[in-house]
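Each chain carries a letter (A, B, C and D) given by its place in the written order, and its residues are counted from 1.
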Amino acid sequence: MPASYAYLGPEGTFTEVALRTLPESATRELVPVVSVAAALDAVRNGEAEAAFVPIENSVEGGITATLDELVAGAPLMIYREVLLSITFALLVRPGTKLSDIKTVTAHPAAQPQVRNWMKANLPTEVVWESAASNADGARLVQEGRYDAAFAGEFAAARYGLEALETGIHDAENAQTRFVLVGRPARPAAPTGADKTSVVIWQRDDHPGALRDLLGEFAVRGVNLMLLQSRPTGQGIGNYCFAVDAEGHITDRRVAEALMGLRRICLEVRYLGSYPRADATVQDVPTPRQGTSDEEFVAAADWVARCQDGRF
Amino acid sequence: MPASYAYLGPEGTFTEVALRTLPESATRELVPVVSVAAALDAVRNGEAEAAFVPIENSVEGGITATLDELVAGAPLMIYREVLLSITFALLVRPGTKLSDIKTVTAHPAAQPQVRNWMKANLPTEVVWESAASNADGARLVQEGRYDAAFAGEFAAARYGLEALETGIHDAENAQTRFVLVGRPARPAAPTGADKTSVVIWQRDDHPGALRDLLGEFAVRGVNLMLLQSRPTGQGIGNYCFAVDAEGHITDRRVAEALMGLRRICLEVRYLGSYPRADATVQDVPTPRQGTSDEEFVAAADWVARCQDGRF
Amino acid sequence: MPASYAYLGPEGTFTEVALRTLPESATRELVPVVSVAAALDAVRNGEAEAAFVPIENSVEGGITATLDELVAGAPLMIYREVLLSITFALLVRPGTKLSDIKTVTAHPAAQPQVRNWMKANLPTEVVWESAASNADGARLVQEGRYDAAFAGEFAAARYGLEALETGIHDAENAQTRFVLVGRPARPAAPTGADKTSVVIWQRDDHPGALRDLLGEFAVRGVNLMLLQSRPTGQGIGNYCFAVDAEGHITDRRVAEALMGLRRICLEVRYLGSYPRADATVQDVPTPRQGTSDEEFVAAADWVARCQDGRF
Amino acid sequence: MPASYAYLGPEGTFTEVALRTLPESATRELVPVVSVAAALDAVRNGEAEAAFVPIENSVEGGITATLDELVAGAPLMIYREVLLSITFALLVRPGTKLSDIKTVTAHPAAQPQVRNWMKANLPTEVVWESAASNADGARLVQEGRYDAAFAGEFAAARYGLEALETGIHDAENAQTRFVLVGRPARPAAPTGADKTSVVIWQRDDHPGALRDLLGEFAVRGVNLMLLQSRPTGQGIGNYCFAVDAEGHITDRRVAEALMGLRRICLEVRYLGSYPRADATVQDVPTPRQGTSDEEFVAAADWVARCQDGRF
């Protein structure tokens, strides 16, 4: 039995398309599951080697279901990330015309990406209803329950539909970021264009508390790529923060910043270090003066010599 | 015609219950609308005096639909906030027993608050389907489409249902925060226990950029209550931040911090200053030494005297 | 009786030379006095309009006698500063040769500036004795008490000496900074290349206390030119700080920084804003984005509009 | 030949008294030399095992001659510090009365400590002249050159003088801090109440540059005890900073702060870690939460486990 990847199904969604861009997916059994929680549970209980789920998109922001699943429960780790540009097609049963459309469906996450297009192109009295997924919406159109569905163009063939329109996207640069999540393991070797994800819980809450946490990164020249607050479940106003930082945990500046956080935070959960999907090593700026590995090593060596009286 | 408040409907939801806790709601026409966007649009186009919508809950965090509507479009302003403790009742048609339940529905936001209870108390094969609102879920149970709905206990009478169970809440202290939103106006007078909401867009993105923004609050002793990133729509990784700070815009420390943000940020959108629903003036700590209005005034007076040579 | 300036005498020192570079000195009676304390006391008790004293030199650093007199006692204010390049001449009675020199004198402050030259050029057995001033050293050579004196070349004529060597300076760029000090008055109008001097006393002493003080300047983009600790007289380890900051107290960023200091410090003593002697407006970099007067005014205006509900 | 300590002479000064409080001085030859520079040169060229010199006093602040000698030249290291309370006696030849005194002498450093006493107790026409040291002043009184000298009471016997008055001190808590300086060696083991001295040179000079340097200490909870600017000799306004920090270089928080400085500064010179003379381990507050050695070790261990995939 091949190792398997669980992914947020059903088949025919953007998630599957993104997953198939990973070379390693070709050698795994790809298993669609009904929810992000189910995908991550499959990893936690050993049914799947890894799970592939959306974690952030450029219209809706952090995918809270995924963040919350990573924040709580047994530790998991992000192995890889994938970026996919998202544009929608309007899928209908063959023969349907724009003016025929009275009901339309898609996953709720699609709505902000197609809202303006709908206003401009569909009859004003059209009714939107949410579907469990974009693929499911397509299926419901096939079954006749709705007149049209917004979904990836690739879903048309699977459900015997045709695309009345393609390339629909209210926002330019609409992208979704997916992650391949597994059990804790040694992180992939650094590539020079890496990202490190952690979740941090503040110890207390005074003026400057959050600034001081971010100072642990700033003082070591580590840039932040994402700061997403998530409720801790302890009542309104109690938040933890999911943070993506530039660099790999084996970069000295990142390692020392994480140590700093670990010391001053109530808790830090490491979520992995992995190659950036949005950049290669050529795109990554040189670390700020004083924060390269070489400079860290030289400074540590100097302190050691001082401690030994050899200076 | 009375002035009207548009609220996220339908009738019989937690939103309506929260709205009715505001004394001024008694003298307004309360108009349920289908979405947060519709509620805020009603204010923007003059159909409603104000809109009442959820903005944050202790399980799901910031309500992104509301935040995104406040962030974009014509400026709006938060006049008031209301906190409501959220517990669910399981509503069924009279005579239904727990063991009869094969399908259950509610708004998706209810799911994380009832998930554990469902696992422990409902048959394992029970199917969850999302409803447009909790009240709508109750209506669908009344119509026979589902066996049970999670909703506020107050919805039972309206839909001829009975509550098999009440007080369902996976998380202790589950609360939702609602805001009354209107067109820009002079903020309510400070009460001593106030909150100020803004949205900020960073000018650039270097190590420490976000720390420096937060430093504008910290250096003036202003505590933060919420920091919620929202995508700007300019692509993955481009975020603005919705910030709730302790204090009122007429507090000198808050006013100066906002000025500081305005100067260093690409943009700052003021969303209002209003009484805190979670605290009264007795609960609010004395400002940190050096940050009271009296100290600001004395320091400004001293600088003026120095500028005049009278020191 | 003309208004008078008291200056650190005697006549014929670098101080007098520096003072005469000020155009206003031509219309005042210039009165040499025996010490910095005497000069400043003459101002405090109304005998002199202003005092002219050294405050900093590039070899010895801050002139502690001057700093301490400004820090304590009735408030005084710096009106102007003058920079003078310092090189020494070796003055001898006519006929004396280098190899004749067995004793040499000067003010102790001259020693670090001529030490290396002495080693290289004078007999090794030469004896150094301190004089009350460089001019007084010259006088003592004239009287035959010492063989040679280090002093300004301009002192030779006054004391009937000749310069065996001129341009003596161990350190390149040796300069002394002098200040014209008077009673509190409206500071000179800003020139665009100004400096503001204050003395600050910390309220307490915790990790980060001094960093936070400096943060009041940094967060508003105000650069520091001098930070000189001076003991408070309350025992070892108790210091206040004399600070020179770029800019004028009527610059908004400087005024707000001073207000911030005033609020968080135990005490702040304003010592004046005055034109920089080391730079003209062409040399001064544009304020960091967000810290110009225009941006301060625009931000204050924005906050005022928010407070009024006009945004 | 016994190992020797060079100290700032002559015999009979406060320096010798302070030196003799060190137990190890009993087993060394104590050699008075004419200047701080001579004392430190004796160490550098191997003539003395160590030098004992004043470095800071509560009236005058940092002793610039000592600081400048430590800042430049071959590296040296502070082994120990001694605090001595300083009060003066007025020494006269037997038979002299207060009203007889027309001339008085002492080292210039004594002046600010006796000035007010002089005004209150000596004839107004009394003339002050500086001596090379307080002991030398006493010698000159013995020789009849001056009528009285301010010096330590212990100097009376040595020079056949008597103390007309003892316990003279304008400032309460007048103390001088002395250091025993040697060649680089392994620092003394930490005692729990230690101090670490360094000199730092900034790389550049932008708003916030000095704040950022101090941030390296602050972010790791290291308190500063002294920050003394000293000119670099590169012209007015060019300073390095002598810093005394609480803690020992083998304390993790101190070591990491030094590493941070080393990376961002142009240069850092380590001057040693040694027991504090002003405090014992009982006086030292517990390190701020998150900055103890145990927390550093635990955090480093956690990062190592994350790097290994064992979390």
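To be clear about the criterion, a contact is a pair of C-beta atoms (placed from the backbone, for glycine too) under 8 Å apart; a residue touches a chain by one contact, two chains touch by 3 or more.
Heads up on the chains, UniProt names are A, B, C, D = Prephenate dehydratase.
Note that the coordinates shown come from a computational prediction; the quantities given were computed from them, not determined experimentally.
Enquirer: Treat each pair of touching chains as one step and give the shortest count from chain A to chain C.
Expert: 2
Enquirer: Would you kindly state whether over half or under half of the residue numbers at the chain B/chain C interface are used by both copies, giving same or different?
Expert: Shared-number fraction above one half, so same.
Enquirer: Compute the distance, rounded to whole Å, between the mean C-alpha positions of chain A and chain B.
Expert: Taking the mean C-alpha position of each chain, the two centres sit 25 Å apart.
Enquirer: Find the geometric centre of each of chain A and chain D from their Cα atoms only, then give the gap between the two centres in Å, rounded to an integer.
Expert: 57
Enquirer: Quick check: how many Å separate the C-alpha centres of chain B and chain D?
Expert: Distance between chain centres: 59 Å.
Enquirer: Enumerate the residues of chain D that touch no fewer than two other chains.
Expert: If we look for residues of chain D contacting two or more partner chains, we find 215, 219.
Enquirer: Using the contact definition from the top, classify how the chains connect: line, ring, star, complete or other.
Expert: Graph shape, chains as nodes and touching pairs as edges: a ring.
Enquirer: How do the chains pair up in terms of touching? List each pair.
Expert: Between chains, contact exists in these pairs: A-B, A-D, B-C, C-D.
Enquirer: For the complex, give me every residue of chain C touching chain B.
Expert: 75, 77, 184-187, 203, 212, 215-216, 219-220, 249-250, 255-256, 258-260, 262-264, 268, 270, 289-291, 295-296, 298-300, 302-303, 306-311
Enquirer: Which residues of chain C touch chain D once you look at their complex with the stated criterion?
Expert: Result: residues 56-62, 64, 68, 83, 108, 112, 130, 132, 171-173, 175-177, 205-208, 210-212, 214-215, 217-219, 221-231, 233-239, 241, 278, 288 of chain C touch chain D.
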